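Labels A, B, C, D, E and F are assigned to the chains in the order they are written; within every chain, residues are numbered from 1.
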Amino acid sequence: MANMVNDFNSYREKMNDKILADNNKVIKRIFNLDTNAYKEGALDVKTKELLGLVASTVLRCDDCIKYHLENSKKAGLNKEEVVEALSIATLVGGTIVIPHLRKAYEFWDELELEDR
Amino acid sequence: MANMVNDFNSYREKMNDKILADNNKVIKRIFNLDTNAYKEGALDVKTKELLGLVASTVLRCDDCIKYHLENSKKAGLNKEEVVEALSIATLVGGTIVIPHLRKAYEFWDELELEDR
Amino acid sequence: MANMVNDFNSYREKMNDKILADNNKVIKRIFNLDTNAYKEGALDVKTKELLGLVASTVLRCDDCIKYHLENSKKAGLNKEEVVEALSIATLVGGTIVIPHLRKAYEFWDELELEDR
Amino acid sequence: MANMVNDFNSYREKMNDKILADNNKVIKRIFNLDTNAYKEGALDVKTKELLGLVASTVLRCDDCIKYHLENSKKAGLNKEEVVEALSIATLVGGTIVIPHLRKAYEFWDELELEDR
Amino acid sequence: MANMVNDFNSYREKMNDKILADNNKVIKRIFNLDTNAYKEGALDVKTKELLGLVASTVLRCDDCIKYHLENSKKAGLNKEEVVEALSIATLVGGTIVIPHLRKAYEFWDELELEDR
Amino acid sequence: MANMVNDFNSYREKMNDKILADNNKVIKRIFNLDTNAYKEGALDVKTKELLGLVASTVLRCDDCIKYHLENSKKAGLNKEEVVEALSIATLVGGTIVIPHLRKAYEFWDELELEDR
């Protein structure tokens, strides 16, 4: 697996385990909601992942962007669809989003390397 | 037409006219992009409107939320789909989003009154 | 009861009822968490209300500030304590917070009028 | 004096007086800094007012925008210069800035009515 | 001393020295206020540090979080109290706060390593 | 050329090339606007660069700050002018801006090393 993707996921997993081991109810429920909110409902999983991606991008959270890029890819979204979502985020959020766009492109490339 | 919707649209139109009359190139092009970005492409219009709605909601811009609620309704999205998008925005953006959720519900109700 | 406080609470209640009637699970659980998170735990209620107030102030959410001002007063915090919390919020959040400080002062005065 | 400008200034003044009467040292010093920071230094007053205006605009604080629009006009800046500053703010901050641009235009028009 | 804590503090100190050596009055006074605002007043030091921590967390500033975690620990706050404050920040600020929560946990662990 | 400046510019260039190669119209036009908006108009290039710098600083985007610091230096602005702009950004944006101020100072020093 590509290193950047691997590093991101293993750090994320390790720290999530530590956080959840603490048994703070509010935090545990937010983590739980985060898993459930993106499941198929009135909207399908692809649309929801794009919503999560755009929310993460305009709020300029690199780790959140990576997380939703990975899930977007797993859900079967292709690059053109993802980039179109990112273009709306860049328009709404302004040029301040561009540095995060660069990192999003870099991470997507890493995700594609995994498939080969 | 419901008053809240009408007031919002007429103020928006009046001020947009003033802004565009000034011929500032950068602003005019951003307005122009804003019209084009939500047209059908790799993603359909419904999905794009939901992306604009969620971006506006996590960035807590009431007027932007109203604009995308109106366009979401015109594009044929129903309330359940819109609320599901808003629920993701509330989860990602936190309880700080709730006051904007209240106003979004109020505006959607006004939009539905128009149809009767 | 002072009008500004009354108006705020009745609008809040009316719209919360509409939102919760919709039965969106994610939103309902976030509302539920919002009630539970400020209950006494390792930290007492007063401290938690001040934390909610400062978070709301640096994120510049007037309605959230009002909500926590009212709860802070109910929890027995006095004006000097509340203002000291707001001063930290203004320092951390910058002069951009000042307009929200004005509204916070106005709302606190209304809350004190209730007691007379 | 135009009503919108007058209302804004009298509310601002009234609440600032209340805030400063409280003698919270941190808040008083921040207010004091706010007065001093825009005085001529290595940069002239016009440039500093535009910096304050752009900072206020990308942070989407309507009252702060009004304050710096009024000071920009007093400092002798013309509409074209102010709009060019706002265009940079709109580009950097994204379309989410547009509703604040509308209010900025409205307030500038009111400021110009005062001169007649 | 643990490396992560040490690196953070030495970079912070080195750059603060450079900034303060420049004698910009506005910046120097803000730095000065930052030291004074967290001293005991109507609220005790522990409460104020938690307020600074929550403000930093909802505004998603990793370095500010580290600074207040270190001061919280010095002020005698235990992990359960700190985590409860962070849980309120995560609820108010949304899932976008989670990546900063991970880093906060990592830094707190480093702080605890110092004591051994 | 100083390493930090060089690394920043080569990564920026490499990723911009990848992004623009994708031919997403919205993104391409935003990139294009970003180049044009800072050209001389009613305001001169120096003022516009400072506006871009302050917008980037209050929005706390390190890469955007670096980009405008480099362009500010190329446009002939000296350190005192740049620091005065940064001081306004720190006042408006609050102490949350300070970590970005540290990085801005570090990058400016690297830019000055290039000249020697």
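The rule is short, and it goes like this: contacts are C-beta pairs under 8 Å (C-beta built on N, C-alpha and C of every residue); 3 or more make two chains touch, one makes a residue touch a chain.
Every value quoted in this text rests on a predicted model; they were computed, and no experiment measured them.
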**OP:** From chain B, count the fewest steps through touching chains until chain E is reached.
**Re:** 1
Original post:
By label order, what chains touch chain D and chain F together?
Top reply: A, B, C, E
Original post:
Is the contact between copies chain A and chain F built from the same residues on both sides or from different ones, judged by whether over half of the numbers are shared?
Top reply: different
Original post:
Using C-alpha centroids, which chain lies at the maximum separation from chain E?
Top reply: B
Original post:
When the Cα trace of chain B is superposed on that of chain F, what is the rotation angle, expressed as a multiple of 5 degrees?
Top reply: 180
Original post:
If you take the mean of the Cα atoms for each chain, which one ends up farthest from chain C?
Top reply: F
**OP:** Can you check how far apart chain D and chain E are, centre to centre, with Cα atoms defining each centre and the answer in Å?
**Re:** 31
**OP:** Could you put a whole-Å number on the gap between the CA centroids of chain A and chain B?
**Re:** 24
Subject >> Averaged-CA centre spacing for the pair chain D and chain A, given as whole angstrom >> reply: 37
Original post:
Just how far, in Å, is the C-alpha centre of chain D from the one of chain B?
Top reply: 27
Subject >> Multi-chain contact residues (two or more partners), chain D >> reply: 26, 30, 33-34, 37, 55-56, 58-59, 64, 83-84, 87-88, 90-93, 95-96
**OP:** Assign the assembly's chain-to-chain touch graph to one of these shapes: line, ring, star, complete, other.
**Re:** complete
Subject >> List of chain A residues in touch with chain C within their complex >> reply: 25-26, 29-30, 33, 36-37
Original post:
Along chain D, where are the residues that touch chain C in the complex?
Top reply: 11-12, 15-16, 18-19, 22, 24, 26-27, 30-31, 34, 55-56, 59, 61-64
Original post:
What residues on chain E touch chain C, complex-wise?
Top reply: 30, 33-34, 37-38, 41-43, 47-48, 50-52, 54-56, 58-59, 64, 78, 80-81, 83-85, 87-89, 91-93
Original post:
Which residues of chain E touch chain B in their complex?
Top reply: 58, 90-97
**OP:** Spell out the part of chain B that touches chain C in their complex, as residue ranges.
**Re:** 60, 79, 83-84, 86-88, 90-91, 95-96, 98-99, 101-103, 105-106, 109
